[in-house]
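Taking it in order: structure first as structure tokens, then the write-up.
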Amino acid sequence: MTKPLVLFKPAPQLRERIFTEETWNRFNENFEVVDYEAHPDDEDFYRRLPDAFAVVGQPELQAESLHAAESLKAIVNVEGNFFPNIDYPTAFANGTRVLGCGTAYSQAVAEYSLALALDIARGVTREDHAARAGSEGIVSATTADSILFRGASVGLIGYGNLGRAFHTLLDPFHNEVRIHDPWLPQSIIRDTGAVPASLDETLAESDFVFVFATATADSEHLLNAEKLDLLKQGARLILVSRAAVVDYDALLERLQAGRFQAAIDVWPEEPLPKDDPFLSLKNVVVSAHRAGGIPQAFFSIGEMVCDDLELMRDGLPPARMQVAAPELVARYRNKPVG
Amino acid sequence: MTKPLVLFKPAPQLRERIFTEETWNRFNENFEVVDYEAHPDDEDFYRRLPDAFAVVGQPELQAESLHAAESLKAIVNVEGNFFPNIDYPTAFANGTRVLGCGTAYSQAVAEYSLALALDIARGVTREDHAARAGSEGIVSATTADSILFRGASVGLIGYGNLGRAFHTLLDPFHNEVRIHDPWLPQSIIRDTGAVPASLDETLAESDFVFVFATATADSEHLLNAEKLDLLKQGARLILVSRAAVVDYDALLERLQAGRFQAAIDVWPEEPLPKDDPFLSLKNVVVSAHRAGGIPQAFFSIGEMVCDDLELMRDGLPPARMQVAAPELVARYRNKPVG
Amino acid sequence: MTKPLVLFKPAPQLRERIFTEETWNRFNENFEVVDYEAHPDDEDFYRRLPDAFAVVGQPELQAESLHAAESLKAIVNVEGNFFPNIDYPTAFANGTRVLGCGTAYSQAVAEYSLALALDIARGVTREDHAARAGSEGIVSATTADSILFRGASVGLIGYGNLGRAFHTLLDPFHNEVRIHDPWLPQSIIRDTGAVPASLDETLAESDFVFVFATATADSEHLLNAEKLDLLKQGARLILVSRAAVVDYDALLERLQAGRFQAAIDVWPEEPLPKDDPFLSLKNVVVSAHRAGGIPQAFFSIGEMVCDDLELMRDGLPPARMQVAAPELVARYRNKPVG
Amino acid sequence: MTKPLVLFKPAPQLRERIFTEETWNRFNENFEVVDYEAHPDDEDFYRRLPDAFAVVGQPELQAESLHAAESLKAIVNVEGNFFPNIDYPTAFANGTRVLGCGTAYSQAVAEYSLALALDIARGVTREDHAARAGSEGIVSATTADSILFRGASVGLIGYGNLGRAFHTLLDPFHNEVRIHDPWLPQSIIRDTGAVPASLDETLAESDFVFVFATATADSEHLLNAEKLDLLKQGARLILVSRAAVVDYDALLERLQAGRFQAAIDVWPEEPLPKDDPFLSLKNVVVSAHRAGGIPQAFFSIGEMVCDDLELMRDGLPPARMQVAAPELVARYRNKPVG
């Protein structure tokens, strides 16, 4: 049996970041892999496309290229975001699936979100600073604003992969959970045991608010000054996805006024300017877009690619990666990680 | 019906720290409370003891006082540790229960332990420092040693209230959990789904090691140099209870050598000396005995006292506080919080 | 705004079984619904097809009809099984999704499977019979073969909707779970905390074996005499899906010999012949294809239809129903419920 | 080191029912066991009592015998109920613990209770009868009264060992849980995530009502005609503990009228008379006091005895068995299993 042809063109992703040697070997055992990272040659790439079973990467694929790609079963994004350089309608009409690796990061982001929430619930980072600076206070003063996560009210804004992965971590904490996601029917949220809620209710009633919303035209500055003012005095706000969703000027102003605490992983400008005023705030944990990109997450991408392409080679549907929905692929405006 | 007499002498605990106004009112509605914090008068205390239904606090109660205390049903410790200033055998022989409030802190300590573990799993505090210091690295460098908590091997040393409360938080993480507790039969540990293990195995096989052991003659410097050397390279060590269990000189040496990471909440000397060499380590999260003493934990003590004394008044056994075991009450050597 | 046109032709499903009055009203408020159950008229159906937004039901839709159906966004199966009366490739090429309601039954089947397993673990039905027949034994005799579910080894054959819904019910029982599903990569199974296993290992090592496999050419008589002989003496076998997967002659022989116990909900011939030899076995719980079809499950179908068609009307992907995978839709050989 | 002396007098319990050979050997290795089942000799028993470390069994122990038993650390009940043939105050004053093995049955009873609930939720036993009797109905008729357990409202009456063990099984079902237990403060119930409720509210608002109450003077006929009338039409009532708590005449009348369904494991007269009118009811699952007494439960008693006596020999408190509370030991009126 000849091996199916896979064109591998991962940029800006890196091969050695997403494939362990073991997974890379497995990949090459099961497929005839042409590696355009090792041997860049765009002309060759488009010449071979008509024979390809799959493209792994996010190269430009316009209608004319895709029309000729009659054997192409999958375009496998390994970066994490869908870009507008592919003519998705043509791909879908051809029966080519577009697969995304977003779920690779879900557990890492979920755990990081919990880490950030527990940190600002208890002042872990703030008081580590204080101790090192020689300003360790008496214990009861440093814990005066500490609160339990158990039993706290929790709001999730966005209930896609990230929100769902995070939600499973709440099981032991007996929270009252409100979820706002305008892309989902209320029944799905209710079925998880959570309460479907409007954005305003989610912001106003939650002790901890987690932002997991993806960036679209509709969600741009979803959390503006007016919405941020709905937060409870002393609330905890955890921002892990996406900067475009929040008005950072309004956010800064409220944090400077001590209205609430925040842990922030995404920023309008990355890396953060060295004089960014957020850097001097004590009621903020500063994180530099670190929630998802850890070694285990990256290496799971290579495994996902192997798992799903092997299933498809065997006439089965993919089982691990996200199948891009035609309706959504056009909406995302996420920025790639710098 | 006359109300049962309760002698309230909470020092070094404070009344307003453990009783909300609401709970204090409830307490006084149900009992005739003599408040020796408001009106210190030791002579009066011992004079009234023979008529007392309960003592709330940890005053000196020697055999001669207790012999006369024929109605005394409970000595209710509200500090968190049992002290040697009570003649426990006499109390037990009289049918007086000694109740402890240790469980009041369990959830707070459990959540804090998870906060610390997730912090050193992902470098939250370390990279917040780096960003503020203007030395923010590129993301993939700062996450190179980040690991998922899910699926990691976890070791618990000590499986009393703290260990158990913490264990429930592991449910969503699918860890392989080893537990070492020489005071428990293996069946109890196996029944939780965990693996009973020796101290050595727990240290050597766990990615995350949590120390929840209480301080006794047997556990003094349980984690000495030799034992610390069993930890995996890159392991995460979370110390929340008790400093006496660890040889801090040996610990410092290994942390300075970069052998593993640690988050430390208890210290041989508290508050920490300003020049303590632990304060300059990047692979440590420094915390100043902050794990348990938060407002919600303190106020639950007052509720526990009311709940259990009301049950006992009604001829029922206490249900919330810990009933001191004669065998253990003599063993504890815990230091009170400073 | 004109409402999208929906052609409703649910046979052999019934409208009043899957739509409450409330849901039916909601459906008609949001869509122009033409009800071919109330007014059967095939000619009219095919005449309107080119203008339809969705077809709800499983009528014949051959290539020529589908070619003209340019606005058709969804074919919504409300019966539970995909039939070969639709030209799926043409639908997919047109960008028409085929949606299935299989998940509507998942929770009902999962709970019923647990009910059956606990029944044969403890002899509930058998001893109810015995007591009514006046042959109530002494307790310790009737419980001699009773076993705990907690801690038992559990095997799942098939890990689709049913297997997954059932798996969540195992959380409190600390089982060792083996899963055999040849359509899934091992990583997915491992990620749930279960052990991916071969069919033989699953049968040989499990105290309880649950069959959730769908019927395909490959799975016909998957559990034949040889495989059934792998079961432990005294094992518990729970068959809820699908009769074609099992060789019932071989099964009967082994049950008559007392090799193991079984609870059976699916049968080669339904309804069961009155003289079926399975009916006289004491080590069997007999159930007449009752696992999924309960009122709450049926009515959730109507809700799913509304939820997903409303999402699609708003330019969003469906979120509740199963999107048929081209690879699988051709494989299923399930029989409709009689 | 001489082994501590243990006097073993298990009647009416049987040695071989509660000790596997392995556990029995372990017991004899660690203790000098005098076996009065093998060699009955009451005179010898009382003669050796002053030297005994523990008595395992529930023999008569009046004040005069106990006064002389100065070394006696434990009286270990292996039957499951505390009897009035022991002078408990004298034992407690001597520092002798009374240990009970009730928790040995908890998991078995919890699983059985869930089995019964799921059975009457779905008509498992009833329809097995119907199929064997040749009266198998069409599926939708037999499932017309079937309901999901998920999302149902659940009431627990009594929240001791049984109620708590059962409660853990509810985790996957997202129920609204009401708990009525007059021996507990509301805080304990709230802390589990359940709602503390009055008896009336628990009965009136629950789709499934589980009776786990122990029999005391206060709970005699707690569920009388008036209370049973509070149950919803079509409710499911699961009685596993204790017959004295329920007025069976009132219960019968309501079941005959089809007011609700029930699964009953405890009866005022055991074994059930062959002409008991409950035996002819279709809306009842009949069970003959089978919930707890299964081999794994019995054998765990022997293990518990070994575990706890070994701990106590080593100067540690017992960890597995229930320490009898002075307040409660006098209240129980449970009947031994026949």
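The letters A, B, C and D name the chains in turn, as written, and every chain counts its residues from 1.
We take it that a contact is a pair of C-beta atoms (placed from the backbone, for glycine too) under 8 Å apart; a residue touches a chain by one contact, two chains touch by 3 or more.
Keep in mind it's a predicted model, so treat the numbers as computed, not measured.
Farthest chain from chain A (centres taken as the mean of C-alpha atoms): D.
Listed options C-D, A-B or B-D contain a single repeat of the A-C interface, assigned here to B-D, on the basis that more than half of the contact pairs agree by residue number.
Mean C-alpha position of chain A lies 37 Å from that of chain B.
Centroids built from CA atoms put chain C at 50 Å from chain B.
Shown for chain B are the residues that touch two or more other chains, of which there are none. Residues 92-93, 95, 183-185, 187-188, 303-304, 307-308, 310-312, 315-317, 319-320, 325-328 of chain B are the ones that touch chain D when the two sit in their complex.
Across the interface of their complex, chain B is touched by residues 17, 107-108, 111-112, 114-116, 118-119, 121-125, 127-129, 131-132, 134, 136, 138-140, 142-144, 146-150, 168-173, 271-272, 274, 279-280, 285-290, 293-296, 337-338 of chain A.
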